[in-house]
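Structure in structure tokens, see below.
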Amino acid sequence: MSNACDAYATKLRIFSGSSHPDLAREIADYLGCPLCPSYTTRFSNDNLFVQLGESVRGKEVVIIQSFVPPVSDHLLELLMMIDAARSASAHTIHAVIPYFSYARSDKKDQPRISITARLIADLIATAGANHVMTMTLHSPQVHGFFSVPTDHLTSQPAFVNHFRTRDLSNTVIVAPDIGHAKRAARLARSLGVGVAAGDKERLSDEHVHISGIIGDISGKDVIVFDDEIATGGSVMGLIEVLRQQKARKITLACTHGVFSGQCITRFREMGDLIEEIVTTNTVPIPPEKRLPNMTVLSAAPIFGEAIRRNVTGQSVGSLFAYWPDKEGNA
Amino acid sequence: MSNACDAYATKLRIFSGSSHPDLAREIADYLGCPLCPSYTTRFSNDNLFVQLGESVRGKEVVIIQSFVPPVSDHLLELLMMIDAARSASAHTIHAVIPYFSYARSDKKDQPRISITARLIADLIATAGANHVMTMTLHSPQVHGFFSVPTDHLTSQPAFVNHFRTRDLSNTVIVAPDIGHAKRAARLARSLGVGVAAGDKERLSDEHVHISGIIGDISGKDVIVFDDEIATGGSVMGLIEVLRQQKARKITLACTHGVFSGQCITRFREMGDLIEEIVTTNTVPIPPEKRLPNMTVLSAAPIFGEAIRRNVTGQSVGSLFAYWPDKEGNA
Amino acid sequence: MSNACDAYATKLRIFSGSSHPDLAREIADYLGCPLCPSYTTRFSNDNLFVQLGESVRGKEVVIIQSFVPPVSDHLLELLMMIDAARSASAHTIHAVIPYFSYARSDKKDQPRISITARLIADLIATAGANHVMTMTLHSPQVHGFFSVPTDHLTSQPAFVNHFRTRDLSNTVIVAPDIGHAKRAARLARSLGVGVAAGDKERLSDEHVHISGIIGDISGKDVIVFDDEIATGGSVMGLIEVLRQQKARKITLACTHGVFSGQCITRFREMGDLIEEIVTTNTVPIPPEKRLPNMTVLSAAPIFGEAIRRNVTGQSVGSLFAYWPDKEGNA
Amino acid sequence: MSNACDAYATKLRIFSGSSHPDLAREIADYLGCPLCPSYTTRFSNDNLFVQLGESVRGKEVVIIQSFVPPVSDHLLELLMMIDAARSASAHTIHAVIPYFSYARSDKKDQPRISITARLIADLIATAGANHVMTMTLHSPQVHGFFSVPTDHLTSQPAFVNHFRTRDLSNTVIVAPDIGHAKRAARLARSLGVGVAAGDKERLSDEHVHISGIIGDISGKDVIVFDDEIATGGSVMGLIEVLRQQKARKITLACTHGVFSGQCITRFREMGDLIEEIVTTNTVPIPPEKRLPNMTVLSAAPIFGEAIRRNVTGQSVGSLFAYWPDKEGNA
Amino acid sequence: MSNACDAYATKLRIFSGSSHPDLAREIADYLGCPLCPSYTTRFSNDNLFVQLGESVRGKEVVIIQSFVPPVSDHLLELLMMIDAARSASAHTIHAVIPYFSYARSDKKDQPRISITARLIADLIATAGANHVMTMTLHSPQVHGFFSVPTDHLTSQPAFVNHFRTRDLSNTVIVAPDIGHAKRAARLARSLGVGVAAGDKERLSDEHVHISGIIGDISGKDVIVFDDEIATGGSVMGLIEVLRQQKARKITLACTHGVFSGQCITRFREMGDLIEEIVTTNTVPIPPEKRLPNMTVLSAAPIFGEAIRRNVTGQSVGSLFAYWPDKEGNA
Amino acid sequence: MSNACDAYATKLRIFSGSSHPDLAREIADYLGCPLCPSYTTRFSNDNLFVQLGESVRGKEVVIIQSFVPPVSDHLLELLMMIDAARSASAHTIHAVIPYFSYARSDKKDQPRISITARLIADLIATAGANHVMTMTLHSPQVHGFFSVPTDHLTSQPAFVNHFRTRDLSNTVIVAPDIGHAKRAARLARSLGVGVAAGDKERLSDEHVHISGIIGDISGKDVIVFDDEIATGGSVMGLIEVLRQQKARKITLACTHGVFSGQCITRFREMGDLIEEIVTTNTVPIPPEKRLPNMTVLSAAPIFGEAIRRNVTGQSVGSLFAYWPDKEGNA
């Protein structure tokens, strides 16, 4: 697509936080720009220290940071990089957050808790970001938590492209949770296949109970589709139920492959029971987590193109062939 | 429950906007306080004019306004009443919005639109509200749009109490839309019955297409449960499909009975096909809309008790026997 | 004047709210730019929905909306259009409000009311406008209510040009209200004629009592000059007194021709008693209100030129041959 | 009226800036409270230094400062006192500004000037004031410049009481400027007498030209009524014209007796030509300015009572027998 | 001193973050109040989750958190607890930060870095804290970074009390760094002894070079006094130089005993060379770090008393026998 | 260096406040740009009035004001000029404050005082400045008081250049106050000479007591180096002690030569005892203060170059051969 940082090269400065330098480099490559150096160290009292390695005065600054463990450090590092750029007279500061983990803390379902996704959005604005780019938030409403203009990008086209090459005649998309089934329904429509959903009850962070499948999946090739897989607990329970109900082949697909705790071990143990695991690189996936049946789609072209259009004042909306559905699920 | 505005009578001042004086009066009655007078008129250039009829200096001011048609006028009237109270040195201003209609504009599912629920939340804070009370927002995430402390109350207990007296042995709760099925699932669990959901595709504001029911409802007594019914278009389509799939009896239940356009006419025409229509009075329902098979539960005790606890510094969380579910649906 | 949207065409995007598309089109024509499409609809629950029809990323966005009935809807539509543009990463958002009706609510002349002009100014800033352009505010102090840079334009030159062609040797300008007589005094000075004023006492919105004329108008040709005529109540009373005191010919002139209620009917009934009614098109005047003795001056060139100078960084102050008087009346 | 600082003595802390300790003491006396000590000094580099002499933690702090020369020092001293109280954890900070001199800079009547009254109002809010009390602003719209709740008090009752004892059968109230004639018209109505106005054209700060009197004053006892007299330039010109037009006796009345430059000298030279000069003590009037024909009404009871009502949560609106007129002139 | 949470018990709610529950308990004990429960857990994607275990509606909430490792987690936990309290309608939120580690990042001594102490102060305000209490900030200017009222408490009295019992006739206080020698000079004056200072040049976070001692310490009993000891690198270098210059006995004293990395090991190895190590418990010091020659003074009474006075509206300034010196070093 | 205002001439507009037009002119000359006219007058009630004499719409506006006596007037004039530029739609407003006198009010060393440096920084942001440039703040932490991006420039290179030409073999730099000795230490290192410091105790603004010199200066050529000399009180006391301790030659050097009160008289009386007085022109030094042994270095090239780099988006950090030291002293 784009191959040179021509007209906007003079004003663009791309920095990477510590969380995911590979993705940052890929995005910079897409834009044909170098990644600017920055230095993050830790004082002996555990304070972080951050320095941007290149002048940003009057520049369009892009800072790329994914909220992967250690999340609190990566969040604070991002805030400090934004603050440093702001105080060094950057023209505009774009915070690119491929995986905004706190999007899951988006509601007050118990007394006296924090809607932390809103809190984090406010902190990012306080630090001085003028614009945010992120992908596939847990619920589309989280978009509204940001007070600065925000591009909520979708990984859907990448998945559509990936699955389109398969024989889908006997396929059904399954959402693990009936409460978040819209993205699955939308993917199903894009691929021209059916949809079903698990009736999930969350008992705790790691334990959920799938009491059944709403919809018919017997004898079907199933693609389980979710925004994020962490420990894989929900997915394991769902696979169990799918197998009881005679699903034929099972594929897992998710935008954010967190794969924490025993997740990869469990996936490895299931062996052939999982046809394929498809995810993107919004979260870094080290070699030791890359199972033979895993496909990692790159989110870099989507972020790169969105950045390019922002800096050159072109439509981001028209970037994608189609828009989020009526429910806003990206 | 409470029957006198004892200790806090000296500091509480309750005002009603033009939208729903009946509910305001009911809430004031619950609190044992008089409703303070206020005057709203319209200048010949269509400007609104608002005056509070009682001193609010140093007082806890409660302003009750539901976002029913004409919504823009009622919103502006609320903002003006808040501004008047603020500028007259009120101690605290509680905006009570039983039906926050714009909660439905909670995401950016098309390019270049406004996430208006967030915008309205910001306008309310700009006008000077210190606290918001509302009920059953379209999605629980909208809670996070408010920058001032907000109590998101639930009408669920009223519905549980209502349906508990029925024979529910053959009942299933049906959510019209698989994307917003959590509240229905939760009600189902409270009542110990099953759940199903429509696979709805919204074509436009008034036209939706229900492509099927996910889950089995054949021969069942169905309670269709939604947060809001406006024209009733979705519900009509759903009833059609339910009947094709041999549902036995059909009950409609919703928190916000907007019943706009041809809704009541359609309901009347369906006659016995609808066993019962159960809603609350967050939206005023005039006599001519009160069908013989309609039951209107009062939300006044819930708002009244929440106000009382706010003003006296008691827990609102413990007000309800149980809290929103893990998905935050109130 | 200007006839092509040359250098700045690439960055200017002009949108019209629903209130006054004709004026918006005239302004766009002046600038040689197309009017960008936008869509405003109403949901069945009376919520408004707004979408901008063209990408605004990095653009200078101009949104034109006059506060004419239904004022609350037009205000909210403007706020939503601003919010949509802001969230879609517009570079700058210019809110052009030819008739800012709430300028009349500019003081606290009763307890516990809202200084609504300030409230609206704050709401516009909250929604995200960076700059406001408006014309002939009821009092020049309202300019100070806006926290964003604001151009307070004047229609005075248009009136001077219009009346200059007349024989003014026997003319006196009359302000209906001695409390707002400065604009009339200034027009008088520009035209080299005398000034007088009514001693008006406002009894209610529609009813005022003119207890007399301060100054001598007997045998004179009178031009009654005011910022706004709504129902025309004040003006009718004034004409009555003018005739009692033997005024010769009577002309009415106002910037904002709201002409609400029975205004046009009354004017029509007075027939030849009113020599001419001169106004501008800050408020749309439909054909049925255009009386034979009415002249409508266009405000479009003034707004168009001010927009052009803003976008190209040229002085707006030097746009006009002379500035507001020492009292700031535009 | 009130004679002891009973119930609210424990929470009220009254401080005086350097501008007008006499008025502050009078107000404190009215409230039956001591004036708390504070120290203001100047460093050798001309920096001011301010310290409050008593703990304000959790208290209702009242800071009294009039904007008299040197105005910039008094403004900054006020801001520093507010900041000191805020940072020392005051509960509420009331800024009492008997004479808000910058109210005259309330509009933009030339290009590239500051609407300084709004700027000052914003600075006061930035420093941390929660509430403002002031008196007789140059135009009532300036009230709307304050973002914190503000009580705009009126000195009118004091003048009514003063003049009521006179024989007013042959009296007319004259406003020096037709553009600010409303306060005079209102006083006239209160006293049951007529009104007239000068047609003033301001040439510069010190020089104005009165081209005539609008209304008849021949043979009348005239009370010239204005909000503020500074050098007295306008008033001198007006008296000249009044005498030419055969006024009988001339009285001067104004809320804010600034009496700067040659003002007192001129008044003294006019001797018996001025029957009486009536003003209030919002501006300190030292003995050498107190002419034999001068009456100084005290504003202390009005401020004292307004403070008492604020702190005890009683209506300030009902404090006065009548409210500002429809034009909001206090 | 105080022994019961009498009058203010009903409105005080004290919570502890995860960083230092022992100190929180001691402070609560001082106040005679129970510590309220709160729950902090970590989701599988490393997101934190926080819940306050008791209703805070209308209450004075105190949240105690020291910025000790892991600092980023403790900071975020504090922000989330503040946000939870705010959103649950707390009346006032006091953030008590005994050790504000980021106070060291208080200036911009390299290009493109963040003045992180200011950033953190802003984040705390954004989350919703109304008041901050902290102790012995690295430089007294950091106090000015907070936009909310802040009590900057001093540990100095505790050290004075401790050393007063010694024979100080031959003692000199040594500041490790001539650039931060004021606190040492002040302690010296309080104890009636002399002062000296190291000429320190910081090479990196862990490596500093002491090029000499400014002042005479030969044959003296030396008390090295600093705000914080982390790895002890500076102190070690200083001791080396002190011994070369024939100091007699060496005592180390610091408010914040971070003692990170090899610090305790080094101190242990030095054995009798260090007479005593005196610090406070603003940072938790586990048993394994408590060397035989270490004395830990409690900061709890200082914080407890300051909280009590805040909640009861009493002077905090008078809490201490004397105030920070003219340089503001607490 | 630079000699023409080429590419950026079209967007740069430089204005001078009343405090220091000579420096402003020098800066404008450095940039090859004309100084734009502005008018500041004073009304008869002591109100200031400010008007910018040239259109600033869409321009980079630079306003140069030094906080010299009368400081309050100059501060308010700066705020009004900023406000005027903002309200006239300037693109960016750079406040250039060569001498920020209130930097000395940077801490709370007594109860109930204002940290006025922070207050002023907030006022400047409220007025509308987007960027601040200043030089050698009393303590480097004051940089963190500004919420807008701020360039804290250093005069150090000018002093290094000046002294480098001397024979420094027997020289030692002396800081008057051990608490602010870092700048002296850094200059010493740059010049390759030693450092010493006075042990100063401030008794009041004008009176300090130097109890001794920490370090050896006997027989040395001494350069006393401080950020600011006002009355010269501290310096006089220090010279006294230096002479007692047999210093050979004494030179005084300071960035900000305030030289207030009896300062110049005292210096003149000392005659040859002071070898040289070196300062910069951040504060205007009128001819009558220019002693024969005084050298005034120009700060104009430093400010000029920093402005140029800001407007053209070049690094300011690289402007100087070296950066502030680890203590941030500029």
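A, B, C, D, E and F label the chains in the order they appear, each numbered from 1.
Everything below uses one rule, namely that contacts are C-beta pairs under 8 Å (C-beta built on N, C-alpha and C of every residue); 3 or more make two chains touch, one makes a residue touch a chain.
Computed from a prediction, not measured in an experiment: that's the story for all the values here.
Colleague: What chains, if any, are shared contacts of chain B and chain C?
Modeller: The shared contacts of chain B and chain C, listed by label, come to A, D.
Colleague: With over half of the numbers shared counting as same, classify the chain D/chain E interface as same or different.
Modeller: On the two sides of the chain E and chain D interface, the residue numbers are mostly different, under half being shared.
Colleague: Just give me the whole-number Å value for how far the CA centre of chain D lies from that of chain F.
Modeller: Chain centres of chain D and chain F, defined by C-alpha means, are spaced 40 Å apart.
Colleague: What is the distance, in whole Å, between the centres of chain B and chain F, each centre taken as the mean of its C-alpha atoms?
Modeller: 61
Colleague: How big is the gap, in whole Å, between where the Cα atoms of chain A centre and where those of chain F centre?
Modeller: Roughly 50 Å, centre to centre.
Colleague: By residue number and range, which residues of chain F touch two or more other chains?
Modeller: If we look for residues of chain F contacting two or more partner chains, we find 55, 87-88, 108, 110-112, 115, 315-318.
Colleague: How do the chains pair up in terms of touching? List each pair.
Modeller: Per the contact definition above, the touching pairs are A-B, A-C, A-E, A-F, B-C, B-D, B-E, C-D, C-F, D-E, D-F, E-F.
Colleague: Considering only the defined contacts, which chain C positions touch chain A in the complex?
Modeller: So the residues of chain C touching chain A come out as 11, 55, 57-59, 86-89, 91.
Colleague: Flag every residue of chain D that touches chain B in the complex, lowest number first.
Modeller: That would be residues 131, 149-151, 309-310, 312-318 of chain D.
Colleague: Which part of chain A faces chain B closely enough to touch in the complex?
Modeller: Within the complex, chain A contacts chain B at residues 106-112, 115, 117-118, 139-145, 152, 178-179, 181-182, 185, 189, 195-197, 199, 201-202, 214-215, 315-318, 323-328.
Colleague: Touching residues of chain D toward chain F in the complex: what are they?
Modeller: 41, 43-56, 68-73, 75-76, 79-81, 83-85, 87-88, 101-102, 104-105, 108, 110-116, 119, 122-123, 126-127, 205-206, 228, 230-231, 233, 258, 260-261
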